[in-house]
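Some structures are shown below for you to check.
Heads up, the next two complexes both have chain A, just with different partners, chain B and then chain C.
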Partner chain A sequence: MSSLKLQDVRKNFGTQTVIHGIDLDVEEGEFIVFVGPSGCGKSTMLRIISGLDQVTSGRIFIAGNDVTFTHPSKRQVAMVFQSYALFPHMTVAQNIGFGLRLAKLPKAEIAKRVFAAAEVLQIEDLLGRYPRQLSGGQRQRVAIGRAIIRNPRVFLFDEPLSNLDAALRVQMRLEIARLHNRLGATIVYVTHDQTEAMTLADRIVVIKEGEIAQVGNPLEVYESPANKFVAGFIGAPSMNFLKASIRAEGGRSSIQLYGAALAYLPDRFAREYIELGIRPEHLSFSESSDCDFWGVVELVEELGSESFAYLQTEFNPEPVTIRLEPNKKVKAGDKLPVSIDRNAMHVFSESGSTVAIGRI
Partner chain B sequence: MKSIAESADISASARPFNPWPGTIFACLSVLALLFLAPTFGVLMSSIKSKREIAFGQLWTMPSELFLGNFADVLSNPAVHQYLLNTFLVTAPATAASITLGVLGGYVFAKLPFKGSDLLFLALVSGMFFPPQVILIPLFRLFNSMGLIDTLWPMIIVHTAMGIPICTLLMRNFFATVPNPLRECAIIEGANEWQILVLVALPLSLPALAVLATLQFTWIWNDFLWPLIFTQSDDKRTIMLGLVFMRGQYSVAWGIQGAMSLIASLPTLLVFLFFQRYFIKGMTMGAVKG
Partner chain C sequence: MDRSIALWRTVFLILPVSVFAVFVIWPLLSSFYYSFTNWNGFNPNYDFVGFDNFAKIYTDRLFASAAINTVIWMVAAIILPTGLGLFLALLIDSRVPGGTLFKSVFYLPICLSAVVVGQVWVWIYQPDWGLLNTVLTYFSSEKINYAWLAKPESALFSVIVAWSWQQTGLSMVIYLAGLTAIPSDLQEVCELEGSSWWQKVRLVLLPLLAPATVVVIALSVINSLKGFDILFIMTEGGPFNSSDTLAMHMYNESFRKYYMGYGSAIAVVLFLVALAIIWLYFRQLRKVDEIYS
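Showing the complex of A and B:
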């Protein structure tokens, strides 16, 4: 039985449709990440699942029960908000136990469960403090504590790490992953940060303009993107897109990049132009002048563990990003020959849908 | 090489003379003195004997501290009645107007409905009607209801006239309470009433303190409505009593001075009680907390 099921969920705000019919099955204990650019409707989806917003049409099932019109508090969901939404006038213990207090549980029971939740998150020492006395990471833990104390069927996280600094974000990411392993809970997590999506998710749901662009595990989405949007959105730095033309040669078609045949498509191809998608790690500098194209180094980004160079080419208006091999030293202004890994090319039609991947 | 202090001196002396700060300070000081002068006069006359006042020395320091005026006022049963009446009008009217303002403000801020903005504007525009406009209709209304010369008209009118400002202030304050707090409470199982009482109101103490102080002071000090709606002495409020506390042929300056001070004491106490919230309330939202 799926933990959460969305059936043709649609949402309009006035005349504007923001969710265009989403179908999704989330298994018990699965960590699902909704990812997409700002305004794509991912947060709206989360609010619809929580019940804070109503669907315009479609159905939502949680643990097999139709909760489409059920009150948020009766859906067995808990939500962690981007702003933490801690009650400033309540202590950490009161914040965590708020839901139980509303449910009129005995005080001793509330105290016991609050402490247990605090133990899980290692915030037992903070129970008497007020939110203003906590750091960002501690506040985030309290918000998570308030969610786990209710033993919900589904946890909803709305960009929970976006207010934290980079170092803390990595730490909290790890803690959320650990928490998921420990609790085995179903989690629906919304983020626009694709690194968070890649590291946390069992499955990623890439959303574009209120529609699912692709659902799959992180590697699947990374290696076999369903379309140009997914290919460009997942991966940092982003995939290079190079305009190429198709030339018919006998019974087959060749991909022409800047006048040179790069690869052959198996069938005769009924298109004139395509776009090649190549990730920075699938480009390399050639040792000889036997290469696919030449590029002039515009900028080198040294990130410590890896380095990227941005190349100006004669055929692409956008710079081409290339990951440098560990001991390769280049400097701005160098004109260097570049080869494309034929096994890792993505071919997209002009409309952006994937035509072929890998060795063609 | 010059020291920092020396160079600071030089730059200070080199700066052209600016007469404005001094002029403004002097003007404000004069205004403050003018503003405080009546209070000073009242205070002085309240601690002087009748004889001393009779000699026309109203503004001078008393030759000796005379507390007989205060004793006279505090031992006067009529004054007790005035104070009680004022309290019986002020307390419920303050509480009722703030309660209604809180409820209205919450709805306008957090539960808007079709036409709620228009309704809010209509409600707030109530503030701009001078009371004199509705004075006669209200008198006739309460007269027909048989409520003239009771405390009810004052309670009702002050409650009604307090609603616009209370709703306006509370709506604006509730609007600053982040929506995720309400939404989180909803998911946790709170109904709107619980959200208001457990979440929104505790966060609104500064606004409530401001309102409580304003409403209490305004209603306590009101002179117009008691004058219109009361006739007998045992229904008068303290401000009205103050005016009537004079002899038939002479003005009891000392007694009236003492009574003025006693009459303004409750509002001062209310202000002092709420002061820390009041100051916070006036700067609320100015900086991120």
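Showing the complex of A and C:
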């Protein structure tokens, strides 16, 4: 039995449709990440699951029960907000135990459970403090504590790390992953940060304009993107897209890049142009002039562990990004030959859907 | 360039500062000055009497009754407009149908001058054909013609009701602004955690509305200390000084009995009380700011 099931969920705001019929099964204990650009509807999906927003049509099941019209507090979900949503006038202990206080549990019971939740998050020392006396990371832990204490069937995280600085984000990411392993809970997590999605998720749900663009485990989504949108969204730096032309040759078509046949498509292709998708790590500088194209180095980005160069080419208006091999030194203005790894090319039709992946 | 900007700033500031100095600072200082004299308001000759006027306050029975009435007025001002304003704001914030219309209707009285409000309520309280007695008569077996404003036991409270009716709109607007400032996700946490409406109000909204409450109470108290115009229209402090407040008493002593020196001493006392309240207000506001920042 799935922990969470979305069945043709649609949501309109007035005449504007923001969710266009989403179907999804989430297994018990699975860590699902909704990822997509701002305004794609991922947070709306989370609010619909929580019950804070109502569906326009479709059904939502949690642990097999239809909760489509169930009050948020009865859905057995707990939500962690982007802003943490801590009550400023309550101490950490009061914030964590808020739900239990509403349920009128005995004070001793509340204190015991609050302490247990605080222990899990290692914030026992902070129980008497107010939110204003906490750092961003500590506030986040308190918000998670308030979710844990309810023993929900599904945890909902709405961009919980976006207000933290880069270092703290990495640390909290690790802690959330640990928490998931420890609790074994089902988690639905929303983010626009694809690194968070890749590192945390069992499965990633890429959303574009209120529709699922692809569902899959992180490597699947990275290596076999269903379309140009997913290919461009997942991966940093982004995949390169190169316009290429098609030439019919007998019963098959060849992909022409920069005037040379780069590869052959198995069938005769009825299109004139396609787009080649190549990740920066699948481009390399050739040792000889026997290459696929030439590029002039515009900018070199040294990130410490790896480096990227941005190349100007004659055939592509956008710069082409290439990951530099270790110890490879280039500088702005260098004109260098570039080769494409034929085993890692993605071919997209003009509509953006994937035609072929890898060696063709 | 910088000097000419500074000059223009000074020129533009001179006008409001002059108006403030002539109509606020100068009368204020004059009141302090005259509170130590026996000036009658007309005669150019007067004597300095030291603290005599302030000593007289202690023996003035009318001052005592006016002070008690002012305290009653102040307490009522804290309870009635604050409570009603909060209740209406919560009701409108819970998205009742026609909320915007109600908001406008409840706010309307604050746009009217106290003279208009006073006169409307004089008609409402009119013994023979006033709205209140007409409604009471409808529910009663006999004709009611109670003179609300002419009886010492009901005059003050009748004026307080009229005043509260006017002030409630102001409290409501301040509370509505306070409710708008509460992040929606805090209210959503209440929903997710399963709080009842009353639990949400008691445990979350009321504490979070503390900054608004400080403003509402401070405004109500300061306005109640100034409570004069509506009283003047409705009862003139009567009958038998039963609705006399300190502001009214100050007016009577200064402009009816021509004890300008004594009236100024009452004004100084009122000013100091208001100053103390404003100091308390800022202190509370700072505390509240610390909690919610």
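Note that the second predicted complex is superposed on the first by the 360 of 360 C-alpha atoms of A that agree within 3 Å, B and C clash if a C-alpha of one lies under 4 Å from a C-alpha of the other, contacts with A are read in each partner's own complex, and residues count from 1 in each chain.
The rule we apply is simple: a contact is a pair of C-beta atoms (placed from the backbone, for glycine too) under 8 Å apart; a residue touches a chain by one contact, two chains touch by 3 or more.
Note that the coordinates shown come from a computational prediction; the quantities given were computed from them, not determined experimentally.
Q: Should the pairing of chain B and chain C on chain A count as a clash or a fit in the superposition?
A: clash
Q: For A:344 in the superposed arrangement: first (chain B), second (chain C), both or neither?
A: A:344 contacts neither chain B nor chain C.
Q: Which partner does A:88 contact after superposing on A: first (chain B), second (chain C), both, neither?
A: both
Q: Can A:50 be said to touch chain B (first), chain C (second), both, or neither?
A: Once the two structures are laid over each other on A, A:50 reaches both partners.
Q: With both complexes overlaid on chain A, does A:130 touch chain B (first), chain C (second), both or neither?
A: After superposition on chain A, A:130 lies in contact with chain C alone.
Q: Can you pull the chain A residues that chain B and chain C both touch?
A: Residues common to the chain A contacts of chain C and of chain B are 50-52, 72-73, 77-79, 81, 83, 85, 87-89, 98-99, 102-103, 132, 146, 150, listed in rising order.
Q: Over in the complex, which chain B residues touch chain A? Could you list them?
A: Listed in rising order, the residues are 178, 180-181, 183-190, 194, 199, 202-203, 289.
Q: Which part of chain A faces chain C closely enough to touch in the complex?
A: Result: residues 50-52, 71-74, 77-79, 81, 83, 85, 87-89, 98-99, 101-103, 130, 132, 146, 150 of chain A touch chain C.
Q: Enumerate the contact residues on chain A facing chain B in the complex.
A: Counting only chain A, the residues touching chain B are 50-52, 72-73, 77-79, 81-83, 85, 87-89, 98-99, 102-103, 132, 146, 150.
Q: Using the touch definition from the top, list the residues of chain C that touch chain A in their complex.
A: It is residues 183, 185-186, 188-189, 191-196, 199, 203-204, 207-208, 210, 290-293 of chain C that touch chain A.
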